[in-house]
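Below, subunit A partners subunit B and then partners subunit C, in two separate complexes.
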Partner chain A sequence: MAERLDPRTAAAAVRAAGAIPARCVDQAAVNRLLAPSGRQLVSCTSRGERHLTVRWNDETAPVIDQDKVVAPIATRAFALTFAAVLGCCWTQPDDDPYPGEPVGVDEAIAAASGQVSYTWAKGALDHSLSAAGLVELDSDTVRLGHAVAAFTTGQISALRRLYDQLPRPAGSTAEDT
Partner chain B sequence: MEYHDTTSSQFSSRLRALLAPVASNRGAAIDDPQLLDIAAQVVAAFVRGDTTGGLSRAQITGRIGSQVPAEQLETRLNLFVEMGMLKTFHGRRHEQRYRLSSISVVGMLVYQRLQQRGGIDELRTLLDRARRLLQDTDHIDHDTVAAEIVKLTGLLNVFADELELLTDSAPLGELIAERRMHDHSDLISDVQELNQLVTEHAPELDRAAVALIGAAQGYLAAVQRMVERIFEDGGETRDFSVLNPEDYYQAAKTVTVAELAAVFDRFVFDAASLHIDPAQLADDLSSSRPVTTRKLRPPEPPAPTDTTDPLTLAEQRRARATERRIRRAEQLLEGADETDLTGWMTSAGWRGTAEAIADLAALDTDTDQPYLVETGAALLVDHDAEPTYRAPTVLQAQRPPVHDQSRNIPVERAAQEAADG
Partner chain C sequence: MSALDRLPPTAREQVTDALTALETSDTPLAADAYPALYDPALRAHVTRELDAVGRVLLERDGTYLSGYADDVADELAAAGIGQLDETDRAVLTLVLLHAVAIPRARGQTDGDSWLDAVEFDPDRLSQQWSNPHLTKKAIRTSLRNLRDAGVLRRGHRSAVVPGPQFQRLTDARNELLWSNLVLLAAPDSLLAAAIRRRAATATGGATR
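Right, the complex of A and B next:
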C-alpha cells in the first residue's frame, strides 16, 4: 500500500483493516468522508511506522448493549489479560493510555497471572487481542494496539477510574507511576 | 382472515374496481381493509358454533370478542342487516335473531381471493373450464369454447396492460406486493395444453388458440419486466424484501460462492473488534482480587519559575481584561460622555448584548474606572428581535475635565470666555 489511495478507498480500507499507513492517506479528505457518520482519523504507530485508525466521536459512539449484541464482547479471561497489558503499558494516568510504553510479554503475562492462567493469557495475547488490534506483539514485547488509540474519551475516562485496580507486575504498584 | 398481501391502498382500489359494475355511487366500497376483517369475523361467528335458531346481536358480539370496538361493530351490523347480509331468522321484520346470507359468504370468499391472489385465479378457472369443454370429445360446444378462449385472451391482455403500467409507474413496495400475485410458472404450459386440445378436437378454433398463446406470452413478458424492475430497484436500494425468504434459502444452496459474494462487492466491513466494557472489567477485577483502597495523588503541578509568579500573572490578566472592557465602552460611546444602548442591543443580538453588558457591569463596579451603566425599570418586549426582552440602558463616562495648558482652567470655561469676547 505504498501509493496514496483515493479518499473513498482509503476510508473503506482504514475501516476494514483497522489501521493503515498514514503515507497512503489524504487525512483531511478521508476525515471529510467520515465526519457525517461521527468518526475521524487518529494517529497511531504500528511496526514503527505512523498509521491512521478510525475513532468514533463521543457523541456518536455506538452503545454496546449486552442484550442486543452488535460487537463481540471480550470474555472475562480476554478482558483481564488486556487489563494486565494496559496496567503494564499505561504508565502515566494523566495521559491517554495510548501509546504507553512497550513491556515484555513475560512481564504482561506475569501481571495477568493473578487473574488468568498462563495458557489463557498467552492465547489471548497471540490471538484475540492481537486480531482485535488491542495489543501489538513484537518478538518478545507487547504494546497497546491501534484499537486503544481509537478509544473514545468516554472509554478512557472509565478506564482511568480503574487505573489503580489494573493488574501490574509483582513489585510494581500504581503509586510507583 | 388477515389481509397483508397487498397494501391498503391497492386493496381499496381493487375493491372499488370490483364493485364498479354494481355500484350506485363512487363511495360504495370501503376504504379500510379492517372493515372487511369485521365482516370476516361476523362470518366466522356464524361458522364457529351452533347457530340453531339464529344468533342474536349479543351472541354475534360475544363470539367476536373485544377484537373490534363495540361502536364500530354495531355500525357495521346495522349496515349488514340493512343490506341483507344478515337476515332475520324467519324473515319477520322485528325478530331479534339473525342468519347469515349464503351469497354474502360466497362474496367474502371472492373478496378474500381478490385480496390474496389479485383476481388471477379467475383466469385459471376459465382455462380449466375451456379444457374440460374440449376434453368432453362427444359433445364439444364449439361456440362456447370459442367464447371462453376469446374471454381468456382478452383477460390476459387486460392483465398484461395493467402490469405494464404498474411497472412503469408504481413504487417498489407496490410492485413487490403485486408480484406475489403473478407467480404462474405453469401458465404457459396450461395454455399450450389447451392449444393442443384445440388442434386435436376443434381445429377451426386454431386461430383463436394461437391468439391466446400470444396473449399468454405477452402477459408473462409483462410479469418478467415487472420482476426485472423489482430486482433492479431493489438491488440499488439493498431492499432484502424483494425476494421471499425461500428464494434466499434456495440461492444459498444452489448458486456459486462467487455469485453470493458479488452481493457484498460494494459493502465495507469494519475490522474485527473486541469490545472492552469498563463496567464489566471493574466487576471482573474486583471479583478476582480484593479491591485496593490506595488513592492516587493528583499530579504535581510544574514548579513555578522566577518569571511565572502566579500573582503577577493574575494581575496581568486582570489589567488586560480591564483594557479590553474600556476599549469596548469607548467604542460604544464613540467619544461622547453618554450613550443610549437600548436600540444598539437589537443590532448586537443576544450574545453581543450579553457580553457587552457583562463587560460594562464589570467596569461599573470598578471604582478606578469612570464608567456607569444605568438600567431603567421599564421592560421592552419585541418577540421578533434578539434579545426579546430589553430594559432601557444608558452608558455614561464621567470624564475628568481637560485643562487649558496655557491658563490652567478647564477647556469648557476657556471656550465660553472666548465666545463672550
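Right, the complex of A and C next:
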C-alpha cells in the first residue's frame, strides 16, 4: 500500500484492513468524515511503522444488545488467551493497555496454561487473535495489536477494574508490574 | 457544520445509534428498532453519513445493514486492501459450490440469498479437492481464516455455511459473485453464455 488514498476510500480502507499506514492517509480529512458517526482515527504501530485505526467515541461505542445488535461470541480459548496476553503486556495499570510491552510467546501461553491448552492458546494467537488485530506476532514475541489501540476509554476503564484478575505467568503478580 | 449537526439533539443521537448498529451488527437490523431507519428523513441522513465513509445502506425485506460502496470496493480491491488471499478465495469458492450452488441447482433451497445454503461437512472438501497445490492443511487453515473473518460460520457440529459478511454485499456484488460461480460450475450453459455476452457489452471488449 504505497499510494495516498482519498479520504472517503481511506475511511473504508481502515475498516477493511483494521489499520493502514499513516503515510497513506490525510488523518484530519478522514476524521472530518468519521466524526458525525462518532469515530476517529487513532495511532498505532504495526511492523515498526505508524498506522491508523478507528476508535469509537464513548458516547457512540457499540453496546451489545442481542435483542437488537448481534455480535459474534468469543470462544473460551480466544478469550482466555487474549486475557493472558493482556495480563503480560499491560504492565502499567495507570496507563492505557496499548501499546504495552512485548512479551515472549511462550510467556503469554504459560500465563494462559491451566485454563487453556498450549495447542489451543497457540492456535488462537496464530490465527483468531491475530486476524482480529488484538495481537501482533513477531517471530517469538507477541504484542498488543491495533484493535487494542481502538478500545474506548469506557472499555479500558472496565478492563482496569479487572486488572488484578488478568492471567499472568506463575510467580508473577500484578504488584510485580 | 454537517447536515447532521443541524438536526435536533434527539434526532442526531438516533442517527448515530443507527450508524453504530449498522456498522457492527452481525445480522440485519429491524427498522422498527431504530427510529433513524424507520423514518425516511432520518434514514437519508444515515445514507449520507455512510456514503461519506465509502459505505452504503442495504435494505432487504424491511431490514438494514451497511456494506462497502461498489466504487470504493473496486478501489480497495485494486489496492489489495482487505482482500482474502488466493487460497482462502479458492476454498471459499468450493464451499459456495457445495453449500449453495449445487443445492440450489437441485432445488434443495428456496431463496436466492447466499445464506440459503445447505450445511456442508468441510471434510468433504479435503476428500474431494485436496491436491499438491491445495493441501488438506491449507484447506483447514483457510476454513479457519474464513470463519474468523465472518465469511463462513459454523453450522451443526463441524459443518460450515456462508457467514454474516455475505449480508453486507450490495446487489451488484451479489450478482457478480453469482455470475462467477455460474461461469465456474456451468461454463457451457446458456446462462454462462449470457453472462459472458453481458460482460463483453459492459466492458466494450471480448471476454470468453
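Assume the second predicted complex is superposed on the first by the 173 of 177 C-alpha atoms of A that agree within 3 Å, B and C clash if a C-alpha of one lies under 4 Å from a C-alpha of the other, contacts with A are read in each partner's own complex, and residues count from 1 in each chain.
Just so it is clear, contacts are C-beta pairs under 8 Å (C-beta built on N, C-alpha and C of every residue); 3 or more make two chains touch, one makes a residue touch a chain.
Just so it is clear, the model here is predicted, and its values are computed rather than measured.
After superposition onto subunit A, the modelled positions of subunit B and subunit C overlap sterically.
Contacts of A:85 after superposition: neither subunit B nor subunit C is touched. By the touch criterion defined above, A:12 lies against subunit B and subunit C together after alignment on the C-alpha atoms of chain A.
After overlaying the two complexes on the shared chain, residue contacts for A:131 are found with subunit B and with subunit C alike. Contacts of A:93 after superposition on the shared chain: subunit B is touched, whereas subunit C is not. Of the two partner chains placed by superposition, only subunit C is touched by A:38; subunit B is not. Residue contacts after overlaying the shared chain place A:111 against neither subunit B nor subunit C. In the superposed pair of complexes, A:61 makes contact with subunit C only, with no contact to subunit B. After superposition on chain A, the stretch of subunit C that runs into subunit B among 9-17, 45-53 or 63-71 is 63-71. In the superposition on the C-alpha atoms of chain A, the part of subunit A touched by subunit B in one complex and by subunit C in the other spans residues 11-12, 15-17, 71-72, 128, 131-132.
Partner subunit B is touched in their complex by these residues of subunit A: 11-12, 15-18, 64, 66, 71-74, 76, 78-80, 82-83, 93-94, 114-115, 128-129, 131-134, 147, 155, 158-159, 161-167, 173-175.
Chain contact summary for the complex, subunit A toward subunit C: residues 1, 3, 5, 8-9, 11-13, 15-17, 20, 33-38, 56, 59-62, 67-72, 127-128, 131-132.
If you check the complex, the residues on subunit C that touch subunit A are 2, 4-5, 16-17, 19-21, 23-27, 29-30, 33-34, 49, 52-55, 68-69, 72, 75-76, 79-82, 141, 144-145, 148-150, 164. Against subunit A, the residues of subunit B that register as touching in their complex are 268-282, 284-286, 288-289, 291-292, 294-297, 299.
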